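Down below is the structure, laid out as C-alpha cells.
Labels for the chains are A, B, C, D and E, by order of writing; each one numbers its residues from 1.
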Amino acid sequence: MNNYLIVAGIIFCIGALGVLMRKNLIIVFMSLELMFNAANLGFVAVSNRLNLISGDIFVIFVMVVAAAEAAVALGIIVAFYREKGTVDMDKANELKN
Amino acid sequence: MDFKTTITWLIPLFPLAGWLLWGLFGRYLKGFSGYLASAFIGISFILSVILFFIVAYSHGFTDTLYPWVHAGTLKVGVSAVIDRLSVIMLVMVTGVSTLVHIYSIGYMQDDKGFSRYFSFLNLFVFSMIMLVISNNVLLLYVFWEAVGFCSYILIGFWYEKKSASDAGKKAFIVNRVGDFGFATGIFLLFMTTKTLNYEKIFAMVPTMPTLTVTVIALLLFAGAVGKSAQFPLHVWLPDAMEGPTPVSALIHAATMVTAGVYMIARFHVLFSYSPTASEVVLIVGTFTAFFAAFIALTQYDIKRIVAYSTVSQLGYMFMAVGIGSYTAGMFHLISHAIFKGLLFLTAGSVMHGLSGELDLRKMGGLYSKMKTTAITFIVGGLALSGIPPFSGFFSKDAILADVYNKGYYFAWAVGEVAALMTAFYIFRLIFLAFFAESKIDKGLHVHESPKIMTIPMIIMAVLASTIGFLGIPPLNHSVFYKFLHVDFQNAKNFAPIVNSMPWYVLSSISVAAGLIGIYIAYLLYIKKAIDPEKIKNMFKPVYELSYNKVYIDEIYDFLIVKPMLVFFGFLWKVVDIKIIDGAVNGIAGAFGNFSVKARKIQNGMLMSYILTLSIGVAAVLFYYFIR
Amino acid sequence: MEALFYIFAFIAIFSALMVISMKNPLTSALYLVLCFFALAGFYVLLDMQFLAVMQILVYAGAIMVLVVLVIMLLNISRLNAVKTDFHQKIIGIIIAIVLFGEIVIYTVNGMTKKPTGIFTHSVINKIGNTQVIGNFLFTKYTLSFEIASILLFVAIIGAYLFAKKKL
Amino acid sequence: MHNIMPAIYGLNSLEKSMLSIIPEAVVILFAFIVLFLTFFEKIAKSKNSYYLSLIGIAFSILYVVMLSGRNLTGFYGSVVFNGYDVFLFIAILLSGFLTVLVSKDYIENFDLPYPEFYSIILFGISAMMFLVASNNLIMVFISLEFMSICSYILTGYIRGNARSTEAALKYLILGTFASAFLIFGSVFIYAAVGHLNLNSIHTYLENISYGNNGSASILSGMGEYLSIGLLLFMVGLAFKMSLFPFHAWTPDAYDGAPTPITSFMATGIKIAAFAVFLRIYVLIYNINVINFNDILWVLAVLSMTFGNIAAILSANVKRLLAYSSIAQAGYILIGIIGGGFYGYSGTLFYLFTYIFMTAGAFAVVIIFENSDIASLDIKNLSGIAYKYPFISAAMALFMLSLAGIPVTGGFMGKFYVFSAAVKSGYYWLVFIALLNSAFAAYYYIKIIVKMYMPVKEDSNVSCIAGEGKNYGIVNGNISEGIILAVIICLFFTLIMGVYPQIFINFANYSAASLASL
Amino acid sequence: MAFFMKYILTILIFFPTVAVLILLPINKKNEGLLRNVATLLSLIEFIASCYLFRYFKPDTYKFQFIEKFNWIQSFGASYFLGIDGISLFLILLTTLLTFVSLLSSYRYIKDHVKEFVILMLLLETFMLGTFAALDVLLFYVFWEFMLIPMYFIIGMWGTGKRIYSAVKFFLYTLAGSLIMLFGIIYIFIIHYQQTGNFTFNLIRLYNTNIPVNLQILLFIALFLGFAIKVPIFPFHTWLPDAHTEAPTAGSVILAGVLLKFGIYGFFRFAIPLLPDAALILAPYIVVIGVIGILYGAFVSIVQKDLKRLVAFSSVSHMGFIMVGLFAFTAISINGAVYQLLNHGVDTGALFLFVGMIYERMHTRQIKDLGGIAKKAPILTVLFLTSVLASVGLPGLNGFIGEFLILIGSFRSYPVLTIIATSGIIFAAVYLLWMFQRVMFQDPHDQIAPYDHHLEFFDDMNLREIITVLPLIILMFLMGFYPAPFLDRIDPSVLHFLTMLNHHKIFYNAIKIKTGLSNA
C-alpha cells in the first residue's frame, strides 16, 4: 500500500523538480500536471486502502480543475508568447522589485 | 494693615510703580520721567526714614503681604522683616538711590534711552528694597537674582557697544555661578530645617550639627562672593564699569555689591555658629582686600580703579563679618556706600566733563576747571584712605581694630598694607587727574557738570565727612554699635576679644598707613621725585601682574571658557550629530539597506519565486521533522 | 499484481523523468501521455476502472491534445531556445530531493489507519465502480459538481479571452 | 418576508440545501445575466453590466442579511451557513461591491471588454463565498481553484499589455504549484483520518486527542501523516494569504493586474483565504495534533518583516501596497495565533477593517491612474493633494489606517489582534509586530509626504502652486461610483476607528458561531 | 448652561472639530476670513476653557467634570473624561497656545491657509482629548493621532529639511508610542487575568498588582513612549530638527504642548500604574534627567541656529522637569508640574519671537543676526522678558518651577540636584549670549548679507503684541502670584504621592536614600 504513496511521492517530486529547473513554460505546465497526477494517485490508493470512495471523487474534481487550468494556462502562455515571442519564463521579468 | 506695615509695603511699591510707568509710558513722559522717578524714590526715602524712627523708638516686626509659594511642605509668603538692620539698609539704599537718581537726570540728559534707564533704575531700587526687607531665604534669593538682573540690564545699557553687552552678560553669569552655591545652600538649609523663614531657621541653628551649619554657611557665602565680587568671582565688577556711571555708583558701589555683606549680617546666627565658615569669610575678605588694591595700583581707567577699590573695600567688610564684628561691617558698609557712591558720582562728573574720557593718561589739571568735582572727589578719596575725620577713617578703623583685638594679626597686617595701597592708588588718581599737567586734547571743552549733578555730589561729600561721627565713641561704645547691636545678640561669640590694644594706637597706625600712601603718590606724581617709569621697570613682573589684573580673566578664559566651548562643540558635532542622531539615522539607513536586500528576493524571475516557495515548503516540513 | 505494479511504477517514474528532462516539449508531451497511461494502469489495479478511463480521456485525450496543439501552434519545438542554467538545476535537484526525503520520512512508518469504509474490493465490483462514483457524485458532491461545471465554463471564457487576438 | 420565515423549518433537506447557497446562487445568476449581455451588442456597450453587477451583489447582501441568524448545513455537509459565513459573506460582497464600483472608470480608460469583466468578478465573488462556506476538502479545493482561475483571468485581463500577461502568468504558475501542494497535503490528511468533511475530521481528531487520554499511541503513525498533510495544506492556503515565503506572486501580480483587480485580490481573495484558513484552523489545526502556532508565529514574523522592509523602498504605489498587504497578512495571522474567541473575533474585525482601508487606497490609486498621472511612481504623486484635496485626504487616512494610527479602523484592528496575542502569551510576537508597525509607518507616510509636501526637484506636476480650482469632491472625469467607493471606505475606516463596538459585536457573533462548531 | 457645564469637557474637546466643519465651506481663496474665523473660534475655545478654571474645586484631588459613557464594551473601554489640577492647567495652556499660535501665523503662513487652520484646530481637539482622557485606550487614541496634524504642519509649512524633520518626528515618536502600546496592552491583559474583566478605566487599572520584575519591563516600555515624547536625553534628536524646521505656530505648539504629554504620561500613567518599578528606576531616570539638563545646556551654547538653540534649551528644561517628577517629593513634583506650564509659556514665547525675527530677517543663523534692539525696542523688551523667564530669573515664572524642583529634589538626590543646579548657570550662558548676539551687537559677518532686511526691520505690530501679551502677562503672574496655580496642583500631587506611598518599597527607598526615619 505504502508503495503507491511512495510512487506518488516520487512523481510529485519529479514534477516539482521539473517546475524548479525547467524554464520552458510548456514543460513547467506539464510538470505541474505531473504533480496533480501524483496527488490523484495518492487519493486513489488511500481511498482503496480505506475502502472509501470520497478520495476517488476528489480525483475527478482534480481532473476537472486540471482541465480548466490547462485551458486558462495555455491561453495565458499563448498570450505571453504573442508578446514576447518565446515561452522562456525568464523573459517574464518586467515586474520586479 | 496698620500704619507701619502700610509704610513698609509702600516703600517698595513706589519704585515698582515707577518701573512700570516709565517702562510703559516713558516715551510720552520724555524728560519728566527722570524727575518723577527721583520723586518716587524720594518718597520711598522719606517713608524709610519714618520707618527708621518707628523701629528705632519701638521694635522690629514682620509682616506677610500674601502667601506666595505653597507647594507640599514648602510654604513661603511675600513677607518682610523690619528690624534695625533692615531699616538702616533701607535708609541707606533709598537715600543713595535718591541722590543717584537726581544726579542721573543730568548725567543721562541726552541719552535716547532716558526713560528706559530710569525704569530699570527704579526696578533695581525696588529689588534692592525687597532684598533688604525680605523675611525668608527664597524671597531673598529672588531679589538677590533680581538685583543681578537689573545690574545686567544696566551694565548693558548701551547695548550697541559689544563691550557693554559683554560686560552685562559676564556680570550675570558670574553672579549665577555664585548663586549656584547660594541656591544649593538654600536647598540644604531647607532640607535640614524644613523651613525658609529666618526666625525659624535661626531658632534651629544652635541645634544643628556644626558641619551642616558650616556647609550651609559656605554655600551661602559662595553667593555673597559672587554678588559682592570677592576673589575669585570678582572679575565681573571691573567690567561692569561699561554701564552708566550713576549705575556704577548706585549698584556697583553702594547697594547691590554690599548685599553679600548684608546677607552674612542677616545670617549672623548661622555664620557665628560656624567658626570655620567665618574663617573662610575672613580669609577671602582679607585676600580680596589686598588683591584688589594691588590691581588698582596700576590701572589707568578711573572707573576701574574705583571699581577695584570697591572690591577691596568689600573685602574689608567681609573681614569684619568674618570675625563676628557685624556692626563694624555694617558701619563700613554704610560709610563705604556714601563715599564710594561719591567717588563714582564724581568720576562720572569727570567723565561728563571730558565727554566720556576715562583714561588717566589723558587727564590732568582738572582742578582748575571743575572745582566742585575735584573737591568732592578729594573728600571721597580722603574718606577712602581713612583719614580722619572722614567717614572711612571711623568705619575702616573699627574693622581693623576689631581684627587686631580678636587676635587675627596677619589679617590685620594685610589690612594695613591694603590701606596703604588704597591711599596710594586713590591719590594717584586724584593727582594725575586733577593736579598733574594737563594731557587733555586741546579741542575738548572741559566743563563743570550742571547743578543737578553737583548738588547730589556735594550732599554726599557732606555726608561722607560727617557720617563717621556715628562711630564715636570708638569701638563697642559707639552710637552705631549700640543702635545696631540689638539685632546681633543671637550671634554666638566665637571670636572673643583677646587683646585690648587701645583704639588710638591702632588708629594712628591706620592713619599713618593712609598718609604714607598719599605721600608716596604725592612724591611720584606731583613732586616727580621718583620717576614712576623707573619703578615700573624695576618691578617689571610685579607691575605687569598688577596691570594685567593678575591675568585672572585670561586664566578663566584659558582654563574654563575655551575648553568648555571646545567640549560643547564636541558634544554637539560628535556626540549629538554623529553618535546619537547617527544611531537614529543609522537605524533608518539600515532598514533602507535591508529593503534593498529584501527586494532582491523579489527579482522578477519566476524561477526564483518558485524556488522561494519550494524552500519555504521544505523548511516548513523540515522544522517539524527536527522538532 | 505486484509485478504489474512495479512495471507501471517503472513506466510512470521513467516517463515522468523524461518529461522534465527532454529538450523538446513535444517529446515531453508524449512522455507525459505515457505517464498518464501508466497511472491509468494503477487505477485499474486499484479497482477504479472508471477513473482509469477518465484519466485517459481527460488527461491524455483532452489536456494533452491541447498542449500538443499549443506546442504545434506556437512552433516552440523548433525554437527550442529555452535553456536551463547549471545552478538552477543543482538547486532544483537538491530541493526536490530534500522534499522527497521529507515526504519519505513523514510517511516511512506506513499507513497504520485501519479501513473504515464499506467499499471493499468486492463491494465495488459488485455494484460497479462507475455506479458507486456516480452515486456519490450526484448526491453528496452535487454542489461540487455544479461548481466544477461553472468553473469549466469560466475557464472557457478565460481561455477565449486570452487566446483571441482582438475582441 | 415574515411569512416565509417560519415555513423554512418545514423544508426538506434539498430545499434547505438550496437555501444555504442562495447568496452564492444569486451572485452566480447575475454573473450569467451579465455575461449574456455580451450577446446583445447594444446592451453590452452600455453601463448595464455595471449596474447589474451592483444590483446582484446588493441582492446577495440582502439575502445574507435575511438568512442571518440561521444555522444551515447543505448538500450533505458540503457547505454550511452560519454566523461566521454571514460576516464573511458580507465582507466579501462588500469587497466585490467596491471592486465593481471602482472598475467602471478603469475599464473605460483601458477599453476592456466589460460584461465579461464584471461577470468574472461576480464568479470570483461566488467562488470566495463558496470557499468560505465550504465544509469539506473537496469543496475547499474546488472553490479555491475556482477563485484562483477567476483571478488569473482577471489579472491578465488587459490584453496586449505585457505586464498584465506576465502577472497572470506568474500568478498562474505559482498558484498551480501551490495548489499541487494543497492537494498533495489533502492526500495525507485523507490518509490519516479517512474523512474529507471538516466536521468529521474535527470530531475524529477530537475523539482521539480528548476522548482517549493516552492518545499518543493511537495518534502515532497517523500523526506524521496528519502533520505533513496539514503542513502541505497550509502551504496552499498560505500562498493565497500571501505569507512569506509563499508571497512571491503578490507584488508582481498586484503590480501587473488591472488596479480594480489588484484591489479585489488584496481584499476579497485575502479575506476568503484567511476565512477558510481560520475555519480549518479552528476545526483541525487547533486540535493539538501538533503545535502549529510555532510555524505560524514564524510565518507571521517573516511576513510582516519582509513586507514592511521590502515596501520601504518601493517606488510604485501599487507595489508598495502589495508589500504592505504581505505585512498586513502577517498582522492578521497574529490574531489567529492569539486564538481563542477573542483572537478569532479580532481577526475577523481586522479583516473587515482591512477591506476598507485597502479597497479605499486602491480606489484612490485608480483615480490617480485615471487622471493625469503618467505612472504610479510615487514621485508622480508630488503635490497632488492640492489638486484633489478630498481624494488625497482620503488616501492619507487610508495610509494612516494601514499604518495603524488611531481614529482609524486599522488601529482598532491591530489593537484587537495584538491584545489577543498578548492574552495568549505571545509577547515577543506582539513586540515584533509593534516594532514592525513603527517602521512600516515610514512608507505609508512616504506617500503622504509626496502628496502633501512636494519638493521642487521631483515635481512634474503643476499642482504645487495650487491651481486650487477644485474644492469639491468630484473632479473632472472621475465617476460618481469611484467617489462613492472612496466615501464608503472612508466612512467605514473612520467609524470602525471611532466607534468599533458595533463591528466588534458583529465579529463576536461571527466568531461565536465559528467556535461553536 | 447646565448642559454646558455638565459636558464641558466634551464640548471643549470637540468644539475645534466643529470649528473645522465651520471652516470647510469657506472658499480657499478667502484667506483673511479663514484666518480670522479660525482665530476667533480658538479664542472662544480659550474663553470657554476658562470656565473650567472658574468652576474647578481646588481643594480636592478627585477628578472633576467627569463624563463617562460606554465606548467599546468588548475591551472595557469607555469614553471617560475628567480632569484634576494638572490637566486643568495643561488644558488651559493648550487652548491659550492654540489661539496664540493661530494669531501668530498671520504673516508666516502664506500658502494653504485653509489646510493650516484646519490642522491646527484638529490638533487642538486631540491635544485636549489627551489631557482629559481617563481611559487608557481613549488616551492612546488621542495621543497617537495628535502626531498626524503636527506632522503635516511641520512637513507642509516647514523650512529647510522639513520633510526629513517631519518624518523623523513622526516615526520616532510613533516608535515610542507603539512600544508604549505594548505596555498598555500588557497591563490591560494582566488586569484581565487578575480580575476577569476587561477594562481600560485608569482608576481601576491603578489597582492592578503586577510583579515587580514585570513592572520594570513594562515601565521601560512605557518609559520609551513617554521619554521620546518628552524628550529625554538620549531620545531627543528628533526635537531639534522638528522644532527648527517647523513653522512658528508649529514650534509653539510642539514645545508648548506636545512636549508636555510625555511628562503628563509619566505622571498620570506610567508611575501610578507601575509604582514599584518607578521607585526602583527613579534614580536612573533622575541621572538621565540630570545628564539631559547639562547636555541640553551645553549643546545649546554652541548652536549656530537661533531656533535650534531654543530647541535644545527645551531638552535642558525637560531634564529639570524629569528630575523634579522622579525625585518623588511633594515640592519637586509641584515644581515639575509648574515648570511644565512655565516651559509651555516661556518656550512658546521664545519661539514666537524667533519666528518674528525670522519673518523679518529671513535667516535664523545667529551670525547673520544682530543689532535688532536698535530697530525694535518693543520686540527687544518682550523678547528679553521671555528669555529671562526661560533663564529662570526670579520674579518670572521659570524661577518658581526650577526652584521648587531643585529644592524638592535635593532631599532625595542631593548630589545630583547640585549638578542639576549648575544647569541654571549654563541656561544663563546660552540664552543671554544668544540674546546679546542676536539683538544687541552688530552681525558677526563683515559682509552682513541680511543688512537689507535689518534696515527695514519693523517693530512688532499690534497683532503681534496681542499674540505675545498673554504669555508675557502669564510670565509675571505666575512668577509673582503662583498661588492660584499651585493651590490646584498641590492636592493632585499629594494624592499622587499617597498612591506611591502605599508601596512599601517607597519607605525603604527613602530610608536608604536619606538615612532619615522621619520620611
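Details
Just so we're on the same page, a residue touches a chain if its C-beta (ideal position, glycine included) is under 8 Å from a C-beta of that chain, and two chains touch if they have at least 3 such contacts.
It should be emphasised that the depicted structure is a prediction, and the values quoted were computed from it without experimental measurement.
The set of chains in contact with chain B as well as chain E comprises D. Among the other chains, the CA centroid farthest from that of chain D is the one of B. Chain centres here are means of the Cα atoms, and by that rule the chain farthest away from chain A is B.
Central chain by Cα centroid: E, whose mean Cα position is closest to the mean of all protein Cα atoms. Looking at A-B alongside C-D, one finds more C-beta pairs in contact between the chains of C-D. Computed from the mean C-alpha positions, the centre of chain A lies at a distance of 7 Å from the centre of chain C.
Rounded to a whole number, the gap between the C-alpha centres of chain A and chain E is 64 angstrom.
Between chain A and chain D, the centres computed from C-alpha atoms are 26 Å apart.
The mean-CA centres of chain C and chain E are about 70 angstrom from one another, to the nearest whole unit.
Residue positions of chain C with contacts to 2 or more other chains are 88, 91-92, 95, 99, 102-103, 105-107, 110-111, 113, 116-117, 140-141, 144, 148, 151, 154-155, 158, 161-162. Within chain E, residues 171 each touch two or more of the remaining chains. Of all residues in chain A, those touching 2 or more other chains are 5, 12, 15-16, 19-20, 23, 29, 46, 49-50, 52, 54, 57, 61, 64-65, 68-69, 72, 76-77, 79, 89, 92-97, listed in ascending order. Chain pairs that touch one another are A-B, A-C, A-D, B-C, B-D, B-E, C-D, D-E. Taken together, the chain A residues at the contact with chain B in this complex read 16, 19-20, 23, 89-90, 92-97. Chain B contributes residues 588, 591-592, 594-596, 598-599, 601-602, 604, 606, 608-610, 612-613, 615-617, 619-621, 623-624, 627 to its touches with chain D in the complex.
Note for the complex: chain D touches chain E at residues 345, 386, 400, 405-407, 411-412, 415-416, 418-419, 422-423, 427, 430-431, 434-435, 437-439, 441-442, 445-446, 448-449, 452-453, 455, 466, 468, 471, 497, 499-501, 504-505, 508. Chain D meets chain A in the complex at residues 137-138, 141-142, 145, 149, 152-153, 156, 159-160, 162-163, 165-170, 172-173, 176-177, 179-180, 183-184, 186-188, 190-191, 194-196, 251-252, 255-256, 314, 319. Taken together, the chain A residues at the contact with chain C in this complex read 1-7, 9-18, 20-24, 26-27, 29-31, 33-34, 37, 40-41, 44-46, 48-54, 56-57, 59-61, 63-72, 74-79, 81-82, 86-88.
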